[in-house]
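The following pair of complexes shares a single chain, subunit A, combined with subunit B in the former and subunit C in the latter.
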Partner chain A sequence: MTVLADILTILLNGLQQGAIYVLLAVGLSIILGTLKFVNFAHGALYLIGAYLGLFITGQVPLSNGQLADWGIEAYGIGLGFTAALVLVPIIVFIIGILMERFVARSFYDRPDTDQILVTFGLAVIVQELLRALLGGSSQPFPQPGWASGPISLPIIGNFPRWRLGVIAITAVLVIGVYALVEYTDFGLIVQAGTLDEEMVRLLGIRLSRPYLVVFGIGAALAGVAGVVGGPLANVNPNIGTEQLVPAFLTVVIGGVGKIEGAVVAGLMLGTLQVALIQTGYAAWSQVGIYALAAVILLVRPQGLLGSEVDVA
Partner chain B sequence: MTLLDVEAIDGYYGESHIIQDLSLSVDDGEITALLGRNGAGKTSTLRCISGATPPDVRSGRIRFDGVDITDEPPEDIAVRGISLVPEERRVFSDLTVAENLHLADTVRNKANTLGRDLDFRDDGMSTSDIYEYFPRLDERRTQKAGTLSGGEQQMLAIARALHQSTDLLMLDEPYEGLAPQIIEAVENAIRRISEAGTTILLVEQNAVAAMKIADRCYVLDRGQVVFEGPAEELQADQETRDKYLGV
Partner chain C sequence: MPTNGSSVSRRQLLQTTGAAGTVGIAGLAGCSGDGGDGGGGGGDGGDGGDSDSYPALGNFPVEGDTVTFGFNVPQSGPYSSEGQDELRAYQLAKKHLNNGGGWIEDFEDLSGDGVLGYTVDSVNGDTATDADTARQSAQRMINRDDAVMVSGGSSSAVAIAVQGLCQQENVMFMACLTHSNDTTGKDCVRYGFREMFNAYMTGQALAPVLEEEYGSDNTFYQLYADYSWGQTVQESMNQFLSDVGWEELNSVPTPLGTSDFSSYLSEAANSGADVLLLDHYGLDGANSVSQAVNAGLDEDMEIVVPLYNRPMAQAAGGSIEGVFGTIAWDSQIDNDASNSFTTAFEDEYDRVPSGPAQLAYAQTLQYAAAAERAGTFYPPEVIRELEDYEYDNVGLGQETMRACDHQAQRSIPVARGLPESEQSDGNFIDLVQVTSRDDVGYACDSGPAAECELGEYGDE
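Moving on to the complex of A and B:
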């Protein structure tokens, strides 16, 4: 292996690791920027996405948990990975809409601390419910057949095909959301609502419907992150909470409400983390991303691409 | 004919009683000015009419074109034909001039998908008419609103309001922070809008400038009406002017 190959491998792995952060952070960021809602249950949507993905993809044997105690030996409908990739975002979109209507909406006018408490509580409920029903053990998430195994790349050599898949799926989705926000009337209303909600309403525009859709899209992205991220590691009830903190870091580093910001910040964090792990400093990888976050926020409190009004 | 009828409203910011038993009426086609010192309740009155909260209107009625709008949300009141050019303009700084104007179109285009039966009395001024009215905005269509000068932002805020379906245009301190020759340009714009048939409710601290163009004036003090009458009457009433306006 040459030094160049090492560097390229780190960059590509960083891109893949960052892609998961980006998927989570884009949704979190537009929800925070537009609805001013702090959603600590965003990780739970990732968790739901991963388990739903497992359920739709194959048959998962149950060894412990309440369902096993009731004599159920396995769960899953075995439709395959592609079906999961299509169905999970739709289902999690609906979950997001229900969450907006029945949980988030009544908390928009309440302090951030109330929003954090209620969404964090919701996240714990989801996590512990899954643990109680399905057991706490880790489940392997099979890679999709069409993207398993290595692919031979120039200079780098063999690289896991699925990791490229994650990067590609993320790119397509993020570009799609960006186009929706930048080039449609819906996006224009969302952008204006982020800047001055009351003024938008004074123009005669009803915001409840666009807000509902924003919440649904953010949730769907988190669900997709669970499905594409699942095959990269094992699935267990803790993965939602584990992803929540880096996702929030990505949002604040990138600038609240900025899709481009979430992309840049997510890729930076992912690359730094992978670089530290692959150069033998795995123990420092967590310290590294927090240190990077601290330095960036000291220099630019509004985040890399955030506008100064967003801080207030 | 009375277009807007505000009848004995009381408005509160939390527990503070900011608007007290206030009544006023605006006649179709006229320019009505709401004058008074800083903190007299002028902006709060406009907020009550537009449906913005706070303040909360706890008693009294606001009728527009005969319909009770007291408890309607701002988006419904706007669609009825009341538009507000708020204090400090509040243009969307990160959006371009054209996008700021286009927001009003989204209400018309999305009328059905928003699940509302929209019945506009008029369609608002067309984009091409607006650019003809305000050539400076035409030149700056693709520029972000935040990069415009104060006078240009004021023009954009007025244009944005006219692009809505507007029967009653409410202007909150349109001259604030503008250089004298720009004030004249805004004044001319207001005159032309009025001559074209739009009713105007103007809030202004600059009482001398406002009396010049108003038909009728109200003077507010501590949330109450202390004078109402034709502009000429207020011009001649030196006692009221000394006591409540300082001019």
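Moving on to the complex of A and C:
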């Protein structure tokens, strides 16, 4: 195995690891940047996405939890993975919209701490509800049949097919959201609203609806992340909270509200983490990403691509 | 073993008449037993938690007419499927102890009418596959619920933490699934007994099979769970594979509860080793082996999972095909005890029991039988009944619960995963051989036992 192959493997693994961070961070970042709303329930949306994905994909046997106590042996409608990939973002989009309308909206004008408390509370409720109903045990999330097994790549050799799929799906979605924000009228209104809300309202444009949609899109991205990230490992009630911290870190490193920033930061974190594991410093992989975050924030408090105005 | 003298206390009399009242003379005859070859005769009618003959110690004497066992298993975390199956087996053991069935007829010391005239009750705990949580849960069982015996495991870190606590509290610990050398090695305790074999014995049983299958002069690479269990598996596999001429290229620790092994596996693939050992258990093991196969590692190297079980093979699905490993027990082991446990478990739960379930069931009955032989729940007497006890009634042939380290000397089943097309109805593995206990093990002054200091009985 050559050094080149080693480096390419690290980059590809890093891209895959980073992809999930990116998907979560982009949603989080546009909500934070546009609506100035700190959403600690973003991990819960990922969690909902993963469980919904399981539910739509197949039949999951229940061995503990309240539903099992009631005699329900399995849950799921068995429509397959592709159906989950299509349906989950739609459902989580609707959940996001409901969350904006009934939870977030009344907290826009309140301090960050209030927003953190209410969304974190919401996240805990979702997590514990799932635990109570479905049990705390981890469920394997089967990979889609069309993407299981290895694929042979030049130089690198075998690589899991699904992990390439994760990178591709992430790329498509992120480019889509970027185009929506940068090149459409909708995006223009959202960007203008971010810069000067009062002026936009004076021009006779209602901002509540675009904000609703932004929140929905951010939520849907987290939902997709749950579906594509589920088969990489397992699904259990803790995965949402576990993903929340790296996702926030990605947002902060990349610069709040910057989609490009989230992409760059996510890939940096993923690659660093993978590089540390593959070079024999696995124990340092978690420390590494926080150390990187600390260094970047010391040098550029506004994040890599953030502008100083945005931070204020 | 000497039991307490001949004086009959008020409680003994009440228990004897109570037992006679509920099950009649035939039941009483079964309860008093006709000795049994395991040691010592059951006494006449059971002396219960006789507080007159022995001083109070731990949760002895037992108050009231029920005796409480604590079942401390992982109901969440990476070993939760194992834990759930253990819990099913514990509940079955409790049911059989109180009402008969299963192995009760074959355990001469047991009556199927409670233990020593007491009805068996239980409390369950969730260890979350975490040593601290497990310790707290066991502490609660001991302090609040007055458990006289705690059983559990699945995670050696858990078993070691809990048996340490049990030693301190003078409460019996019957280890369920724990495979680290340390459990009956450097961390052994007087109050803990292990039916399960350990990593050292796995190395002894597996190395010859691997050599025969894959030849000598192989290089191997290990990924191991980074705690007591994984560390001793890594050590022992290295030791015994080196003995057959294999060479370890590298071994890399992975944190317990890692769900994504892709980066570790890439590095393993790049090592160019002939064989990859995945020293992971439970869901971690199922994940690492399926991710290895998904990444195509099985095309260039042979994969070995030194310790696995039925739920793991099930979760890994087709990825377990051709993978060698040792297992605690399997329903395919064909003898009376094995078959009767499988039947009883299937009748109750409509599913095939796993190896950890057999351990849970066996350890609960083993404790109850020892208490019956001792004629008391007084822990030092129960311990003496278990030490050097010879038995052949748990489905793995003749065994000895060795006194010097409380490690069962037993045979080791070696298994190989079946291809997905042949997997069905709880059958995921092919039993390659059951390695005789004569071919594995070590003397009391060597191997892990050399480091074992059991500690005090509590009545010195």
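Note that the second predicted complex is superposed on the first by the 312 of 312 C-alpha atoms of A that agree within 3 Å, B and C clash if a C-alpha of one lies under 4 Å from a C-alpha of the other, contacts with A are read in each partner's own complex, and residues count from 1 in each chain.
Keep this in mind: a contact is a pair of C-beta atoms (placed from the backbone, for glycine too) under 8 Å apart; a residue touches a chain by one contact, two chains touch by 3 or more.
For clarity, every value in this text was computed on a predicted model and none was experimentally measured.
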*State whether A:280 touches subunit B only (first), subunit C only (second), both chains, or neither.*
second
_Under the stated touch criterion, which partner chain does A:155 make contact with: subunit B (first), subunit C (second), both, or neither?_
neither
*Partner contacting more residues of subunit A (subunit B vs subunit C)*: C
*asked:* Looking at A:202, would you say it contacts subunit B, subunit C, both, or neither? Reply first, second, both or neither.
replied: first
*Looking at the overlay, what does A:192 touch: subunit B (first), subunit C (second), both, or neither?*
first
_Per the contact definition in the header, classify A:17: touching subunit B only (first), subunit C only (second), both, or neither._
second
_According to the stated criteria, A:90 is in contact with first (subunit B), second (subunit C), both, or neither; which is it?_
neither
_Could you list, by residue number, the parts of subunit A that touch subunit B in their complex?_
185, 188-189, 191-192, 195-196, 198-207, 209, 307, 309
*Across the complex, what residues on subunit A touch subunit C?*
1, 5-6, 9-10, 13, 16-17, 63-64, 131, 135-138, 140, 143, 148-150, 152, 157-163, 232-234, 236, 273-274, 277-278, 280, 282-283
*Given the complex with subunit A, which residues does subunit B contribute to the contact?*
50, 52, 73-76, 78-79, 83-84, 86, 90, 92-95, 99, 102-107, 109-110, 113-116, 160, 164-165
_Per the contact definition, I'd like the list of subunit C residues that touch subunit A in the complex._
75-78, 80-81, 84, 126, 128, 226, 252-255, 259-260, 262-264, 266-267, 269-270, 272, 283, 286-287, 290-291, 293-297, 299-300, 315
